[in-house]
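What follows is a pair of complexes built around subunit A, which joins subunit B in one and subunit C in the other.
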Partner chain A sequence: MKGLLILSALGMLAMLAQIFQLKKLLLPMVLLGIAAAFVSNAMEWQQTFSFEYFDNMISFDKPALAFSGVILLTAFLWFIVAHDYFKTGTHMVDHYVLVLFALVGALMLCSFKNMTTLFLGVEILSIPMYVLAASKKQDVRSNEAGFKYLIMGSFASGFLLFGIALIYGASGTFDLAGISTYIHNNINDLPLFFYLGILFILVAMSFKVSAAPFHFWAPDVYEGSPTLITALMSTVVKTAAFAAFMRLYLMGFAEISQFWAVLLSIIIALSLIIANLSAAMQSSVKRMLAYSSISHAGFMLMVVLANQRSNISIDALLYYSLAYSVGSIGAFAVLYQVGKSGNETFEAFNGLGKRHPFLAFCMAVAMLSLAGIPITAGFFAKYFVFTTMIGTSYKWLLILAVITSAIGAYYYLKVIIAMYFSPASGKEEMQVEGSHKLVIAISVILTLALGLVPGLVAEVFKF
Partner chain B sequence: MLTLLLIGLPLLASLLLFASKTPAARNLAMIFSLAEFVIALGAWYVFSTNPGSSLLQVNLTWVESLNIHVNLSISALSILMVLLTCFLVPLIILSSFQSEYENANSFYALILLMQMALVGVFMANDGFLFYVFWELALIPIYFICLLWGGENRGKITFKFFVYTLFGSLFMLIGLIYLYNHTNVEGLKSWYINDLYNAGRSLTDTQQSAVFWLIFIAFAIKMPVFPFHTWQPDTYVNAPTQGTMLLSGIMLKMATFGAIKWLLPLVPLGVQEWGNTAIVLSVIGIVYASLIAMAQKDFKRLIAYSSIAHVGLISAGILSANQQGIQGAIMQMLAHGVNVVGLFLIADIIFRHTGTREMSKLGGIRSMNGNFSVLFLIVLLGSVALPLTNGFVGEFLLINGVYQYSALIATFAGLTVILGAVYMLRAYQTMMLGERRDSNITFGSLHKSDKVALMIIALVVIVFGVYPGPLNAIAEQATKEILMLLN
Partner chain C sequence: MINGIPINMYMMLSVVLFIIGVVGVMARRNTIIVFMCIELMLNAVNLLLVAFSTLHGDTSGQVFVFFIMAVAASEVAVGLAILSMIYRNLKSIDSDLLSKLKN
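And then the complex of A and B:
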């Protein structure tokens, strides 16, 4: 909870920085603030009880704290990479503020216990992201991305709100535990519109995590937004949305899982097939990563589908989010460097192995991790998903996951092949800042460390 | 202790080579691989004097909550495979002495990394660890083929990678399925014996499913018809050392896996579907032999002959009797050595003449008699002439398959005849007769090539005349496996 407060205060302070001419101090201040939030988060983790606030509308229990930790860690790394995104353009302070408030929303999504806080979290997270997507004001595609994101996002919010209203109509409560009790007591005669409510929320949340067939916004928005904002979307926003998804469906609606599981399995199957086939056909790396994020969404949803009533599911999702976030931050940071030439296609990576061996190596590790090859974090992430899924009746989905993973290797390897195999088109020198190198190195080290010692995270949930 | 050393030394050496920029990478790699061979010999000695020695076992916890252990041990089967690996890697490095590679440091570092993973596969006693080493072996060979391969390598290595990854993921699911069925005092376990127990407690249909999940991974890696399409292109396009690693050792991962990680794991599944798998293997034998006969490129011919040989090995293993498995083990050793020898010969011919097309070559014997003798010895080993190392294995294999089914054995026996046909014809075209192209000359061999070839030829003869010690270990290994089956 203190993390949430610190971030909110930080956001307001950042707004004041404009007035008091503290622009130079802003980045150190933000980094310090996020670090403080992370530390207080870790301290709350040490306690055995969970922290409940506002009549149990927000509850920082263990899963909430764990996902908040992942988000804060990625945000910290992201801010280091992003500092020169803030330098370009005019409204630097505004951008800081928007990102900080998006983080507040993300933390709320990890910790909500009530439908109203869920909705607030979604909106607090989404609205700054709409603005940030369009933040390259002179660029038509960035504007288009922001516009598309806004329209589609509002649409999904509408669905969410409608769903919440229907569920409230049936159960008479916004409280997640209350809804769960309601389901338990009326398991045999739930009204039809209650089911409809759950369906609507499923649609809205699938939109937020960009799962097919509600994914159409994702490739365009990812491609049009400034690369660093895309990185933020595919890590922080994604992790938060999954934390929320899991909280809703595993804590709130678990008891009628036979109703939503069928629909969810179709969503997963579509995500895996559409995303992987489309990703294989892209010529832009950024668009490929967008589709890959849809495919990873499919994988993460499998954990929700498996619906294991123990900590295995939470653990698997947490590990997956962390592995995916760390790998993505690295990949996007490299893409940002390579894309400075204005070209973000596979050809832009040609000969990177010679032009800048360090970047090429880090990108190769990130790609192998996203493809799920041992000894990277991505492998254990996949392993945990398979483990949760294998006991369920959805064996066909597992086979599909294997086949699409093999397709996935195709487009990740395409990057590696371009880097090491294709000759460089130009011989331009690549200048990479020290701080960027640091973040990329950290992401590689974390990826390998998580792969070698998965116990670091996998054993977190032995409570 | 020794097991950890066997893993640790190549790993350290590889990291060292990655980090350093020394021009002596080749020599360093040679020294490290020889040291590794000495350790392997030491392990052999310890194993033959005291098989239960604690020097040969290690069991450390890797991930406690998932019961994953670094459980390595040396059994009769693994000591043979470890010896083969550690014997071949220095030879493979030696064979590279006449080729100049760009970024030689990384090249040799990758070879040593590969060795680490291979040795790990052969010693792992923990299902998860086995899988990790298995996948890990793929990464270095992928980069070796990608960075130092021939033309079109991008597409070809990619096909190879995706194919094998596809198979491995199925195996992972099969293994996790078994893991979920283990029950050791209420806990799950990755330990191999617990997996064996879990596998045997499954019903018919469950075992059949697991059989296919795991067999596909092995079938792709060996490769068995119809999963072989990645192999010829990859073998031909990889740099010679990569081809040697692939055919000499990596392929043995799959046959080794079939013996240790398939037969005792799902015996009912093998009973149910073994027949189908054997038929596939035998189709592969005939098919690959026929294609090999039509080849013009010598390296490609060896690639196809390898499919034929491994088909017989696979059929022998799946027939699941004493002769079949023991023959498979012996043939794995012999084939490893012979195929490395053959690829070295193909490389030597290419370096001297600039072509691998057999029809352009001829009369090499008149230009270099020593080479033609060494070639002949390796070739005879490969066609399994009595008193060469290939004979024992092939004889036992056909005997084993015959006990399973006489009809299948008849077709399987074609390998020997067809193999002799295309190998001897290739020899005749390239080495004997008149020179076809007067521009092609063939000078004396380089020292490193000569040493490598002589060592291989020596092994072909020595273990052909006196296979006793290896055969005894292979017999023991087979008995251990069969005891698990009954």
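And then the complex of A and C:
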């Protein structure tokens, strides 16, 4: 909870920075604030009880703290990479504020215990993201990305709210625990519109995590937004949306899982097939990463489907989101460097192995991790997900996942082949700032460390 | 029963409003009308929440409506700002022109 308060205060402080001429101090201040939030988060983790606030609307229990930790860590790395983004353009303070408030929304999504805080979390996270997606004002593509994101986001919010209203109509409460009790007491005579409500929320959340067939906005939005904002979307926003998904379906609606599990399995199967086949056909690396994030959404939803209320399920999701966030931050940081020339296709990576061996190596590690090749974090992430699925009746999905990740390896390796085996088109020198090198190196070290010692996270997460 | 009108009628009305909103978002090309249709969807939800809130004799549903109104207003504020930016670049707000991002 202290993390949430620190971030909110930081956001307000950043708004004042414009007036008090503190622009130069803003980045260190923000980094310090996020570090403080992370530390207070870790201190709350040490406590044995969970923190409940606002009439149990927000509860920082262990899963909430763990996911907040992942989000704060990626946000810290992101801010170091993104200081460039804040230098260009005129409204740097506004951009800081928007990102900070988006983080507040993300933390709320990790910790909600009530439909009200779920809705507010979704909106506090999304509305700044709409603005950030459209933040390249002169670029029509960025405008289009922001607009599409806004329309699709508010469309999904409409569905979410309709679902919440129907569930409220049946149960008479917004409280997640209350709804769970209501399901328990009326398991045999739930009204039809209650099921409809759960269906609507499923559709809305699939929109938010960009799972097929509700994914169509994601590639366009990811491609049109500034690269660094895309990095934020595919790490922080994704982690928060999955934390919310898990909280809602494993804590709220777990008891009628036989109703939504079938639909969820179809969503997962479609995500895996459509995303991997489309990603293989892309010529732009950014668009390929967008499709890859859809296919990772499929994997992460499998954890929710496995529906094991023990720690294993939450643990697998936590590990996956950490591995995916760390890998993506590295990949997007490299893509940002390479894409500075204005070209973000596979050809832009040609001969990077010679032009800048360090970047090429880090990109290769990130790609291998996203593809799930051993000794990287991605391998164990997939392995843990598959373990949770073993005991369920959805073995066909497991087979499909293995086949589609083989297709996935093809397009990730395409980047590596372009970097090491294709001749360089231009001989231009690449200038990489020290801070970028630092973040890229940290992401590689974390990816390899998580891959070599997977127990690092699994052991921490005992409750 | 609320004021002699069964709750089903309220539900039916808000479902009809919601469907009009959904169809409008998907079918219309004028972006301003798309925004209006999204508002319609949200207002259908508001109606439903207020009706259920009265039915259950529980005020939290009505409090939720205030949150929805506030959020809808801020969403439209952002939306119209983005729209005016698009108009400055394209001199049009037809959503068919927004197709720069394709494979």
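By definition in this document, the second predicted complex is superposed on the first by the 463 of 463 C-alpha atoms of A that agree within 3 Å, B and C clash if a C-alpha of one lies under 4 Å from a C-alpha of the other, contacts with A are read in each partner's own complex, and residues count from 1 in each chain.
Everything that follows uses one rule, which is that a residue touches a chain if its C-beta (ideal position, glycine included) is under 8 Å from a C-beta of that chain, and two chains touch if they have at least 3 such contacts.
The shown structure was predicted, so the numbers you read here are calculated from the model rather than taken from an experiment.
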Which partner chains sit in contact with A:N143 here, subunit B, subunit C, both or neither? Use first/second/both/neither.
second
Under the stated touch criterion, which partner chain does A:Y420 make contact with: subunit B (first), subunit C (second), both, or neither?
first
Just to be sure I read the superposition right, which of the two partners does A:I127 touch: subunit B = first, subunit C = second, or both, or neither?
second
According to the contact criterion defined above, which of subunit B and subunit C contacts more residues of subunit A?
C
Counting only touches as set out at the top, which of subunit B and subunit C does A:W45 meet: first, second, both, neither?
neither
Report, in rising order, the residues of subunit A that make contact with subunit B in one complex and with subunit C in the other.
none
Could you pull out which subunit C residues touch subunit A in their complex?
11, 14, 18, 21-22, 25, 31, 34, 38, 41-42, 44-45, 48-49, 51-53, 55-56, 58, 60-61, 63-64, 67-68, 71, 74-75, 78-79, 81-83, 85-86, 89-90, 95, 98-103
Along subunit A, where are the residues that touch subunit B in the complex?
368, 371, 373-375, 379, 383, 386-387, 390-391, 398, 402-403, 405-407, 409-410, 413-414, 416-417, 420-422, 453-455, 458-459, 462
If you look only at subunit B, which of its residues touch subunit A in the complex?
62-66, 131-132, 135-136, 138-139, 143, 146-147, 153-154, 157-158, 161-162, 165-166, 169-170, 172-173, 176-177, 179-180
Could you list, by residue number, the parts of subunit A that touch subunit C in their complex?
115-116, 119-120, 123, 127, 130-131, 134, 137-138, 140-141, 143-148, 150-151, 154-155, 157-158, 161-162, 164-166, 168-169, 172-174, 193, 219-220, 223-224, 281-282, 287
